[in-house]
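So that you can tell them apart, the chains are marked A, B and C in the order they are listed, and the count of residues begins at 1 in each.
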Amino acid sequence: MIGHEIHSLARRLWSIDRSITGDGVRETLGIIKDILPSLEIHEIPSGTQVYDWTVPREWKVLDAFIIDPTGKKICDFQKNNLHLVGYSTPVNARMSLAELQEHLYSLPEQPTAIPYITSYYKERWGFCISQQERDALIDGEYKVVVDSELFNGSLTYGELLIKGKSQREVFLSTYVCHPSMANNELSGPTVATFLADWLTRQKGKRFSYRFVFIPETIGSIAYLSRNLGVIKPRVFAGFNISCVGDDRDYSYLPSRTGDTLSDRVAKHILSHIYPDFKSYRWTHRGSDERQYCAPGIDLPIASIMRTKYGMYPEYHTSLDDLENVVTPEGLEGGYTALYRALEAIEHNIYPRVNVLCEPQLGKRGLYPTLSTKSSGNEVRCMMNLISYSDGTKSLLEIAELCECPVWELYPLVEKLTEHHVLILSDDPQVMS
Amino acid sequence: MIGHEIHSLARRLWSIDRSITGDGVRETLGIIKDILPSLEIHEIPSGTQVYDWTVPREWKVLDAFIIDPTGKKICDFQKNNLHLVGYSTPVNARMSLAELQEHLYSLPEQPTAIPYITSYYKERWGFCISQQERDALIDGEYKVVVDSELFNGSLTYGELLIKGKSQREVFLSTYVCHPSMANNELSGPTVATFLADWLTRQKGKRFSYRFVFIPETIGSIAYLSRNLGVIKPRVFAGFNISCVGDDRDYSYLPSRTGDTLSDRVAKHILSHIYPDFKSYRWTHRGSDERQYCAPGIDLPIASIMRTKYGMYPEYHTSLDDLENVVTPEGLEGGYTALYRALEAIEHNIYPRVNVLCEPQLGKRGLYPTLSTKSSGNEVRCMMNLISYSDGTKSLLEIAELCECPVWELYPLVEKLTEHHVLILSDDPQVMS
Amino acid sequence: MIGHEIHSLARRLWSIDRSITGDGVRETLGIIKDILPSLEIHEIPSGTQVYDWTVPREWKVLDAFIIDPTGKKICDFQKNNLHLVGYSTPVNARMSLAELQEHLYSLPEQPTAIPYITSYYKERWGFCISQQERDALIDGEYKVVVDSELFNGSLTYGELLIKGKSQREVFLSTYVCHPSMANNELSGPTVATFLADWLTRQKGKRFSYRFVFIPETIGSIAYLSRNLGVIKPRVFAGFNISCVGDDRDYSYLPSRTGDTLSDRVAKHILSHIYPDFKSYRWTHRGSDERQYCAPGIDLPIASIMRTKYGMYPEYHTSLDDLENVVTPEGLEGGYTALYRALEAIEHNIYPRVNVLCEPQLGKRGLYPTLSTKSSGNEVRCMMNLISYSDGTKSLLEIAELCECPVWELYPLVEKLTEHHVLILSDDPQVMS
């Protein structure tokens, strides 16, 4: 089961100190490159203007911890990198509990969880701690150490183009900036890695597939500011890959317009995999589709997810782990939904029947020779496919009209094409 | 009541040996021609290529029966022509019960019914028998006689064009290939006959009406292969007439696109005759609309039915009879729904009000002179008709907007036209 | 509270003898002109042809009453002008109760109510009386006096154009022909007066606003026959103002097409003020939208109402009063809904975001600097506004997409425009 392989990769990446910049991202991309050797690693220098934003300084943490009045080390970054507020500035000081409290973050309603907090664009320092541990802190003098650096370095991302027959591309994006959390977000880069690996091995693909592994928000903005001119005319579909690892739900979040091929594919696949999937609105967005679908960017990027960010209790806390939240089964489900979606895009041809009136399937051995009360049902699906194959409908539209999963039509299309009953054309909007 | 007249015709046609070819079809069409003298009979020779199909050899049955070990004649074609599998090849042989069983067809779940089975395109012979009778067969030697012929003859169909002012046509098709069954299908040709008779007697029709009485599938394919060039530019609406004789339900089956005038008329009429009518989808089709609406043929043919083929227990068995299933009331209902539909097409003009603002109906004697709390209701329907008469809406659309049966508007249109309040135009899409 | 001011004006206008012509209309318009000094009063002579209609003779009532057999004065027009059937011809006669009964109108199911009855286009006379009083009439001789005149005079209406930067206009119409009734119709002209007063005091309006105070039906027809050429190219939105004074319900009645800006604004405003508002269909119409939206006139006029005419028991009777039916609260609600609607039209710009990808709001002080689990919610509304600001959507459409009242977006638009994040354009369909 591929879910186990994906889960193993996630375990391997678990404890790396990731943020929107820094060696943690580089180490993560290095491990992914072991599986995807063609992955290209790019660096964008700190201070680079990227649309309305500026690439921040690189952040490096050597160590971070607090020594409590009894001499015990708490909030130890070495043990859990969520303890340190992302992009904390250096500090080495002694202070009272009252002073320290102003730099502590915890979740009263989730007393065992360490929250995930960042402050990328305002200089401050802070520690994240479980409410339970915080409540047990005693008065006295605390020693606080954040041995971090903020320096002019660069922002790192990975990119992989898997070429097919056409230059038209499907765009897949996932992010590599989150520290030790599982569904949001080790599930995205690990599932994306295995999707890319699968696509690399497919022969005769109609389309090209571009994967980017980036830090969220600043990464997608930086990427777009460099590459929009190249990808805009090529990309006709794509997905943001996030939260694809737990086994509780399936979710769809639309592109901004909600009517792209990506949207239609996502809804079709999910409705046949899990009819009760959650359908969100654009106003519920929260990941890099915010950039990909922004006015003027307008890429056709939708999201297929398991349980959506913000919609499960462990979200953005230390409870979002690889034991209780993300499982091999969950990852397998996320992988399969995306695999089915990419496959549907590959197979989305426009079939046209090659004869007027119904073809006589009997003489081709494709129809029962005896007409009985129920014989019609056996070949109904094939007859419906033929009937809708008027050259104006994509296979996806035909599957919707037939109320069947599009993947059930692939073998029928193949058989009818072999028998010269159907002729296949490209989607005129994709292949114009 | 016209239902009784239709039922009488059905009784007269009942026992004729019909199949997709042969003298049974000719005899049936001959009787219909007694009522519709202008009906033209056409023959298409066996072996003629018709699109993807070939007109089969003609089938003639002189006799067919089985003699059981006790000397009793069973499965006697003379008594019920359903006993013989359609297009059975000749046989004259003695065999054991075990051998015979392989040629018998029955319905375990309907033990008293003789099923209706055909094998047009593969040579075989067989008998249809009730499960009850089959279970009582004893071991021993059986004599089997099928005195049939398959020879190069022709396929026969009837066609009637009833001319109106315009060459634009409404196309009505029904089939004459089914042996002794009532709803499917003596109801279709008998109701069609009386609709054609009614239309023949109407003076000043706007449109022409073309009726075809054909064998199902091969008949419509053969007809289209000969006549598509003539009828395609003329036909703007039409119905396949099948299963219009029982008194249990009303049903609508769309054209392939589902949005033609025929579809709109059918849904409107049925919603006002029987609001609980069944609305099927194109994937539930099963009659000649499969050919008329095939890609590239694309005629606007919908179906108005009573209980649809395949949806009643007696379907395609000897239980589909003129006593328990098809009744004068059932036929009357089917006739009326189709009559209302054809009438709605005839009346589907585009009215336009002849003045700006509301016309003063009072001075024309069309409006109460006293304005009281409730006086508005009395003429509300007329005012709504006027208000929607902007020249862009057909009478059918106006009836939908007014939420009333279109036939309630006919006298109002007439009165307002007489008073020069409304001007009527043809449907620009029909009369272009 | 402005509701009290509106209610006071309604009290002042209450007992004036209004009809579709005459001094009552002139007196009413004179009082409104005290508040709106720029109101222009127009007269159209009796006998003028206005489209399909003719301006009727002017009707003047000096006195009207009945003396019963005991000498008691009943149905006294001086006490309640509803007692006299509108446009009653003069009479001065003695008659039996039986003769009199043929000229009396009452409502058996509302025994205390005097009905409102008119006979503008057929000469007759009559009195309206409560069922209770009618039942108590005794046999004997009655003296009947209607001291009225029908003479060649004129039809009077008021018009006020409040100019904004653009010549494109919002059209507001209300009617001044109803005698002593409150919701239908002193609420309309009084609310309209205060809306006009408010608009007059607004600086920098984008659009012009045209108010007409007319008699119903003949007034709007006469007005249109004179002014359609002027207003047709200017008016892009508007409302008929009627039944805006009781505090029971909110109602929307569409324009004839149902898809104008006025319709969209009305539904948006009402859905956020009172989600259970009644949404009527065009077939439920009954006021001057019948003329404004007639074929060929086609002005975009919808109605925002409290409880719609015909839908409350006191409608068109003496029970429709300023005590139990129309209240300051009711008028305030009607005023506010219309005020919100006009404001929404004024603010209905097309915003476009000024950068590619999301703007960095943090550097502008518009975004929290700390990213926590819930920080996204606080600025979600602003981010949604920005995300939909692609230059193709009006602010109203954006509010619908954001599922928030459009008025909550006004301060955000202002702030984001100040920070050069948004650029605003006019509605291209309005400002073409």
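Keep in mind that, in the parts below, a contact is a pair of C-beta atoms (placed from the backbone, for glycine too) under 8 Å apart; a residue touches a chain by one contact, two chains touch by 3 or more.
Not measured: the values here are computed from a predicted model.
K.L.:
Among line, ring, star, complete and other, which one matches the pattern of chain touches?
P.N.:
complete
K.L.:
If I superpose chain A onto chain C using their CA atoms, what angle of rotation comes out, to the nearest 5 degrees?
P.N.:
120
K.L.:
Given that chain B and chain C are copies and touch, would you call their interface same or different according to whether over half of its residue numbers are shared?
P.N.:
different
K.L.:
When the C-alpha atoms of chain B and chain C are each averaged to a single point, how far apart are the two points in Å?
P.N.:
Their C-alpha centroids are separated by 54 Å.
K.L.:
Give every residue of chain A touching chain B within the complex, in rising order.
P.N.:
That would be residues 352-353, 355-360, 362-363, 369-373, 376, 380, 383-384, 387-391, 401-403 of chain A.
K.L.:
Tell me, which parts of chain A touch chain C in their complex?
P.N.:
That would be residues 51-53, 86, 105, 107, 115-122, 124, 217, 220-221, 224-225, 228, 256, 282-283, 285-286, 290-291, 293-298, 310, 315-317 of chain A.
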